[in-house]
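Next, two complexes with chain A in common: one pairs it with chain B, the other with chain C.
This part shows the complex of A and B:
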């Protein structure tokens, strides 16, 4: 299945170096290095922004419409795709109304924190085709740490809006994020037991070795196949981390208006909305990297980015499917599922994985 | 090339994009101040009372629990990284590689079981549970 696409950790050329080579910037010492890194970061940032742009105003509506037997946006451009442009102009040119009792610095900072923390996580994700910004040895911990900053932004948004719905939404968001962060990280840790490394390129390389070889095709050792239990746990915890059904309690449109984003309008709303979609994609990117073999897939190695984007969108489609198909859990159920269910299961998974790996070896 | 330069560059881009959008919006958007426009949203009613309301103590309880477990995950990550090497090394083997971690998690699980029993992770109680739990501290 993935014959001839064995990636080797260590010999991967990262995007900044590649750009330095291509443009000749690597001859200019530190300044050239900084500029090449900036260009690479700009490319990745805009790639993710473009994906979010397609997902937020267009794909989400189309998918929900398909589930509820409607047509949704179809007037502007082919299949309504130009709604992306129309919507961005519309939202950016809205008046920015700031509630009278808002705590100003925190109220203004919250959307920036939410949006930029999600974007920063993509720095260590290997997206294939050489699009990999940085590969530090602590990659996996880094991405969990950065994704966790978003809850700070949500609390800031909830508290500083001086609105009761926002307050409740912010509190729910933090209770939910702390309840599901532990299962998420502990399940991720069960993958680290197999790889013995936190480096993202190493994690991907380990998964690309064949698990069972049938001669004509081989089943790769993707951790979703090696340890499907961990994969399901991680998917579930990830739904809660990004606040999507059945765990969209912090926003809960039928209970607390829109949760922490109730008082946000204009560009601030865009930033929070953008941050949420970036988080869904970041969650998808983490799942793709540590469970689905990263950019691996049939065909030459150079189309790795296509496979990677397909995998991310697969996870995105799953969240949208859940949104249309699964009802929301109550906030008390949410906490009990997190602490009494997923937490216990994730520790059971970690210990069982450790024992099985120990006995096999 | 240093990885952290590239990560820093993305952090910079991650700040520039929101600020760029805010600048564009600043140029595009109108400003029509009006007295009641900025009132706190409360489903269209006149807002009553402040926002700094009392909320459920349970939010505090789970935050405390999280603190303990979060530190635990930080301590477990190094173990997960060296686990295979420790298994392979002659002087350690399965018992020495796995045993201490099991003991560590077991101690934590005792604490968690206690928190579970005292209802730290249970938000809603049936009337019977409230009655039965009246003498619990």
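This part shows the complex of A and C:
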């Protein structure tokens, strides 16, 4: 079914080149290329922000409502969709209250760091239908590195708000991210052992080879199918990475009010929330790319972006499901699970994978 | 001294031990001052600890149920209402008079920890000083309050200036001790997990709770004084609905009804008692569902399904209660000597509806057990956290599900029967876990027991002969109990032992009306059960105590 999508890894035409081609900007040398790249980044950035815009005020409400036996927004527009507009106006027109003792500019920078770090990660994600901004050889490492910057934003927010709840939330965020990023990356590395490359397009291409071919249809070699253990580990670590139940301790609304974001209001609040949702989507994008075959799916290659977005939303749905149904672990238990459980398992997975791959080759 | 003892053989609830009691207290009793519910001994203010220790250790009176303070023309009086956890019908009142000029009485805190908060309240509202009290501060009113509102010389007109207490300012820098590196944190009065306006002054060492000081009184509405200004017959009954206002209204009303009926010697018709029993248990179910939902809110975080599920199921109970009483929250359904009206017509429909609810209940309980108590993360969070040892629970006067989850087999519905409970088949649930998990399970199982009670009540109501449906005893329009009669009675509320003390002075209004709130006692044990735990456990423990600030602050 996906014969057509079989790799031309190195030869993928990236979005900026394509735009340059279409608009004729590539005739203007470096300046033209830069402009094309900006346009491409603008398109992808807006796509992601639009998704977040739908997710935050509307989809999240509808999803949790479905889980908790409610109806949620239904007054504005069809299925309450226009609440997105109303909420945007509401959130942006509120007064931005800044605590007197806030440590500026750290206080102001934190929301930007949180939001932009997650957005940056999408640069190297191949989303199908030719939407792929850049394809560096160290793509996977780049994504992890950029996503990791978000922790810095959380610490800045927590420390600079001059609020004890924020401080506690900030400290929890660091402890959690340190404990869970290592298993996350190590599990990601087990995929690299299969592919032999950190390049995103290469990782996607390898997964699209058939694992078992039945002639009429084939089971693709998605790493979620090849190594389900790693997939589950990664999913779990990802919950902690994006701070959702059962690992939402940095925010822990009933314990420490709202954690690091307690003091943020108005635009800053929107930015932090935007960052959180982008982070969930980025987590979904990484999972889709390295475990679920990226944009692969039935149908022509040109609708790859649709499959990709469906996969991201699948992960988003899962986070909301967990939030509705699973209790939050205590902060010390969280650290314990991270260091004593996931870390050990992820290394075991890495070594086993290495041995198996070694034997096969 | 014994020649001075005034004896009133008529009103002796516990004749068996009375001689022993007299022997036990001996010379320290100045005279007798018996109450309707218990023999009373008047003792000197400097013998309080002595007598209470003896009563506790040798008499077995291990439950300081309540402390009532009041002012007469010529004296102040503190009444310690003692009971036994093993048998709450055995009661004794220790009356401690102090002079008006120098109202100093010995503190009972060394004998009963729960006297700590009670004596603070007595000092705050009435103005009695307790010598040797470890923490003689106001409790319900602000620290800067002038005067004691329930004392005779209190000036209602005096303007009060309530300044912002400095140490409660959340913006100021950390409260570091010079040598320690702890952090002071205000949890509440506005906080997502304090179930109302509770302010917990917390000292943290990292995430560990080192010390807490619950600051209550934000919701103090002078309920006792308002009851003192209402007439027995009709004006007091609406107030109890406002104490534990989350769907436990009928249970509260019963506390007042029982006390006042005992005071005025009113016999309630059997049929009305069955309706009362059914209504009260419906309230208990609603209240326990809410307790489960809010506890899960504390453990799961917001947007969790359990909270909504529990509200969905509680809604059915609320509808039934609305059909029965005409109200959803402030029922005002009980009357002295009966209830306001019979079951709603058509009766069959009401009984059918209630039965439907009972039929669906087991499936819902199973759902909760699958979703909540069976969840491993939930168990890891709740097992062995918020541990309340039985002896500590008794020391703090804990009752209700909180005590029963610590293995204390104490339920007034069985041990001090009232209403129709003694004629019905049901069990008192106890658990040995002593932790948050045990408290949750205890409430869930109590819901099932309540369902059994309601089911039996419905059977009785259904078959009750039509011409014998007497819902109201013959009670005079204006009720004036005999002067100088005192009574303390308690019922098993949703949160525990809800007691009321009334002293009549021959008028149609009580001279003193004192409420013994179960939440007040349960909350006072919070420090004991959460110090040394982490913040999340503090929040969970607070949730599992299931307090309602309306009842704590009154």
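By definition in this document, the second predicted complex is superposed on the first by the 358 of 361 C-alpha atoms of A that agree within 3 Å, B and C clash if a C-alpha of one lies under 4 Å from a C-alpha of the other, contacts with A are read in each partner's own complex, and residues count from 1 in each chain.
Just so we're on the same page, a residue touches a chain if its C-beta (ideal position, glycine included) is under 8 Å from a C-beta of that chain, and two chains touch if they have at least 3 such contacts.
Computed from a predicted structure; not experimentally measured.
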Dominant toucher of chain A (residue count), chain B or chain C: B
Touched partner set for A:257, first chain B, second chain C, both or neither: both
Partner chain in contact with A:42 - chain B first, chain C second, else both or neither: first
Touching partner for A:100 - first (chain B), second (chain C), both, neither: both
First (chain B), second (chain C), both or neither touched by A:357: first
Contacts of A:246 with chain B and chain C, given as first, second, both or neither: second
Partner chain in contact with A:164 - chain B first, chain C second, else both or neither: both
Partner chain(s) touched by A:305 [first = chain B, second = chain C, both, neither]: neither
Touched partner set for A:332, first chain B, second chain C, both or neither: both
A:145 touches, of chain B and chain C: first, second, both or neither? neither
Residues of chain A at both interfaces, chain B in one complex, chain C in the other: 100-101, 164-165, 168, 257, 330-332
Parts of chain C lying in touch with chain A, wherever the complex brings them together: 170-171, 174, 183, 185, 191-193, 207, 296-305, 307-309, 312, 371, 375, 377-378, 380-381, 534-537, 539
Residues on chain A engaged by chain B in the complex (per definition of touch): 14-17, 20, 33-34, 36-38, 40-42, 44-45, 49, 89, 92-101, 111-112, 115-117, 119-120, 122-124, 133-136, 141-142, 161-168, 171, 174-175, 178-179, 181-182, 185-186, 189-190, 192-194, 196-198, 257, 262-263, 266-267, 270-271, 330-332, 335-336, 339-340, 343, 347, 350-351, 354-355, 357-359, 361
Residue ranges of chain A in contact with chain C within the complex: 64, 67-70, 100-101, 164-165, 168, 245-246, 248-249, 251-257, 323-333
Touch list for chain B against partner chain A, complex: 1-15, 17-19, 21-22, 24-26, 28-32, 37-43, 51, 53, 55, 58-59, 62-63, 65-66, 69-70, 73, 76-77, 80-85, 87-88, 94, 97-98, 101-102, 105, 109, 112, 116, 121-124
